[in-house]
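Report on one structure; see the data block that follows.
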């Protein structure tokens, strides 16, 4: 198939940036979206232009590095996939595809489609862990039984890949699905209880400091999340913070 | 605790609390107004009680005003903050793919409701305040009107088809606001309303029945004007 | 230089304990005057950085990704082994050790493997304490699964995302130390050289991938945890950015590179669909428990399927060749990874591949669906169930077991694997070879350590499933933190290492010169062009089966591609900005050298062992006719290569492998 691509080009963080049109031809429907971008880049290199910079790594939907806003949706029109797993069969011959970086004040553009998501790391630094040393002398793994239900729910929250699609999608650029998932994972497990109050307060404070917006419960994040992280996690974070503040 | 209400989540909890209060107020406002359809006398009695009871006038009324103002001001504050969180807009954004129009446009339905409240205050509340607190007339009577004046005033207002039209439009926006707002308030309070079918249905019922009821009242009085 | 593995004396099971009891320690007040650089933040690097920082050292951690959490350990699906014996099925440290050595085809170092098995149980305790949500049973205790090549259930798992959860555990431990200021994290940084002062590793040169700035970082010890070199094949299950640059740079500075030819080719990956393909996706090995692998018996059917005239489901049982069941009646579809991969290649080379590229075989779940369906019908007391009912019941069971994998397959291939057989083909997955290290995980350069997949130590010639995660975390959490302390106890009076010395000047100049060469070389071909050509040579001639002639050709061809690369590569953009093509150019330049050493190593090892199969070394008669033949009398050693300029000139050093606790046996799956 032949396609027209409208791609955000921005030389560096300080550059203003603009949309530029490109044409690609002979795209196979079996290609992944990023393989289509590879074709474009090979073409640009051959023509003596600079290729489009974009983040990607594992290309199997788990590392969370890829991050494009395709035709107005984070990771494009398919559900439950990251951009690297989006396939060209989702598009038709002659389509125009608009490709933009994830947009949020807390995710500044570094170059073209590459954005800086270290705000997520800093939120994790604020409390996304259980304070336990690797002494090798921790108690036996089976010492505290954990109900299957809690373990499974914690796992569902923990599957978040930190890609930032929730922020990119949210009309308010809110990071609450991301933070909620992390808070939930530890809130559901006994290991996380000791420092639960400090954790949620510190992580929320850091989230606010980073300049993410507020949650207005549109539910868009849950739908666009490639791992289907549930809104339940945001509700749980709200409860955890209320609980922590009353103490 | 003071830190809590400065946090993003604290603010949305505050938003939800004021929303619950306003939704409760709306329910009782509706309950009283619908009386006017069935019995002018009962409506007058209840209105006079509400209009003269010191607890309601001196305690609940200021709380209500505060609630209304707070909900609006906080709504705007959050909107501005949220806008700041994305300074460069998308060239193409397909919001319909993942969220409802209502959820994405609370600020616009809210503004429409604010415009309505201004009209509503001019129509009812300012004259009420003027009569009672400035003129000092707590009798509930009016020259040329038999019995209490409340029912009479109500009907007067709905003579004009333009006003009725404005009210109907405003209530449609109120319905849109509530269609998202009802469940959203629960969600903000930590209850996953978005995934609970029953609560969602209750929310939908509330969001449609109450505004529709108000619309009915307005139209009813427009067509059943005594004079 | 003779290789000294520094394995402690004494009985195997006491070595590690005795070692720990007698090493030198650094007191807490001195630790804060010691800096350690860790390159790579996967399971090995992440866990090492966190633990060293907890101990009190100043850690500088580097990763090329935008966050440590994205390292490719995250993609491991199946699980992590540990000798916990929670199932009471006879597991023990010794048994895990034995399985690992045997699985590695007797080409690993006994003492290292035993230590790995010994600390394995602690890893699970540690991860649970960190909040890793392992799967549990209804009693609230940890659940286990079993994996290929072993007789016990010792694999712990977190759905199909065990690697992700373990990495996030290590990442969380790092976050805690970053928040304490004990780890200084350098995201989007790539190490481009190591700096040696007086024979010791004392720092690195790194490039900030956002600004292009070349930076000097000094430390008292340097730890390389940069993963494997599977991307030398261009197509592999590795991440796009996975590279061998850190490992190769230290090799060029004196670290020996061991057994590069030991590569694991995983049999169940989604086949290539065209030349544009950028990477291959692995489907968990567990699928072979229920899937049957076949190709058509008749060439007519192969062609008909390729041309779309027939569907695989049109073929009757008689017209199918279940070649694994035919060749290996005892193990059937469950033969080890290397055997299954080679058998698929054999059929496809013979022309029986079932997709357009001719490189795919079927993995069929129809029998499993029928079997489960009938079972379910019995359980639910359904008499004379219809064929449709059986299929429906059977598909429900298959979905419960493999639903997420089937869904992933359907997303990528756009075919419903419940209705039509999956297509699979082997792909490069893991590299057992790597930088040579002694028992302390130190390379042949003082103060330079190498851990995780980047080193060669624990898996011999073949790695068992669910052992990679175990090794990464064992090295980082429980081994390196001890062994490095022993070395650093001599450095407590050294003080801060200055970066304004001539050694740093020289290293930085080399790095800068090379970068400038790339951006100024007005070639005509992109980096990927060369990488793909290298990958094709590697796959065709240094892939699943190798022979002398092919390997010699490969060495010559790789050298030719390398020479052409340095003349004709085109790197757009500048040095002082984010430039992904420039990053790739540096990595491919290193792969072009490593690939040749790889072929040289494969050429010299004229035996078949584990992932390395030499066509010249097969059993000639008897039941095992045509199967891999190990030559223990000639090749029971680690081949450690010393850099001497050209890869072809590398000098071989041998570390003889002694097996005192295990008897060497031929693997048989017939």
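The chains carry the letters A, B and C, assigned in the order they are written, with residues numbered from 1 in each.
Convention: contacts are C-beta pairs under 8 Å (C-beta built on N, C-alpha and C of every residue); 3 or more make two chains touch, one makes a residue touch a chain.
Since the structure is predicted, the reported quantities are computational estimates derived from the model, not experimental observations.
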Which of A-B and A-C has more C-beta pairs touching across its chains: A-C
Per-chain CA centroid nearest to the all-protein CA mean: A
Interchain centroid distance [CA atoms averaged], chain B/chain C, Å: 63
Chain A-chain B separation of Cα centroids, rounded to whole Å: 38
Centroid distance [mean C-alpha coordinates] between chain C and chain A, Å: 26
Two or more partner chains touched - positions in chain C: none
Interface hub residues of chain A, defined as touching at least two other chains: none
Residue ranges of chain B touching chain A (in the complex, touch as defined): 1, 3-4, 7-13, 78, 81-82, 84-95, 97-100, 103-104, 106, 180, 183-184, 187-192, 194-195
Parts of chain A lying in touch with chain B, wherever the complex brings them together: 6, 8, 19, 69, 71-73, 77, 98, 100, 103-106, 169, 171-174, 176, 201, 204-205, 207-208, 211-220, 222-224, 230-232, 234-239, 241-242, 245-246
Residues of chain A defined as touching chain C within the complex: 11-12, 28, 30-32, 34-35, 38-39, 42, 44-46, 48-51, 53, 55-65, 78, 80-81, 85, 87, 89, 110-111, 114, 116-118, 120-121, 124-126, 128-134, 136, 138-142, 145-148, 151-152, 154-155, 158-159, 161-162, 185-186, 189, 191-192
Chain A-facing residues of chain C, complex: 47, 50-51, 54, 65-72, 74-75, 84, 86, 119, 122, 124-131, 133-142, 158-159, 161, 164-165, 168, 171-173, 175-176, 178-179, 185, 187, 210, 237, 239-241, 273-274, 276-279, 281-282, 408, 411-414, 477-478, 481, 526, 528, 570, 572-573, 577-581
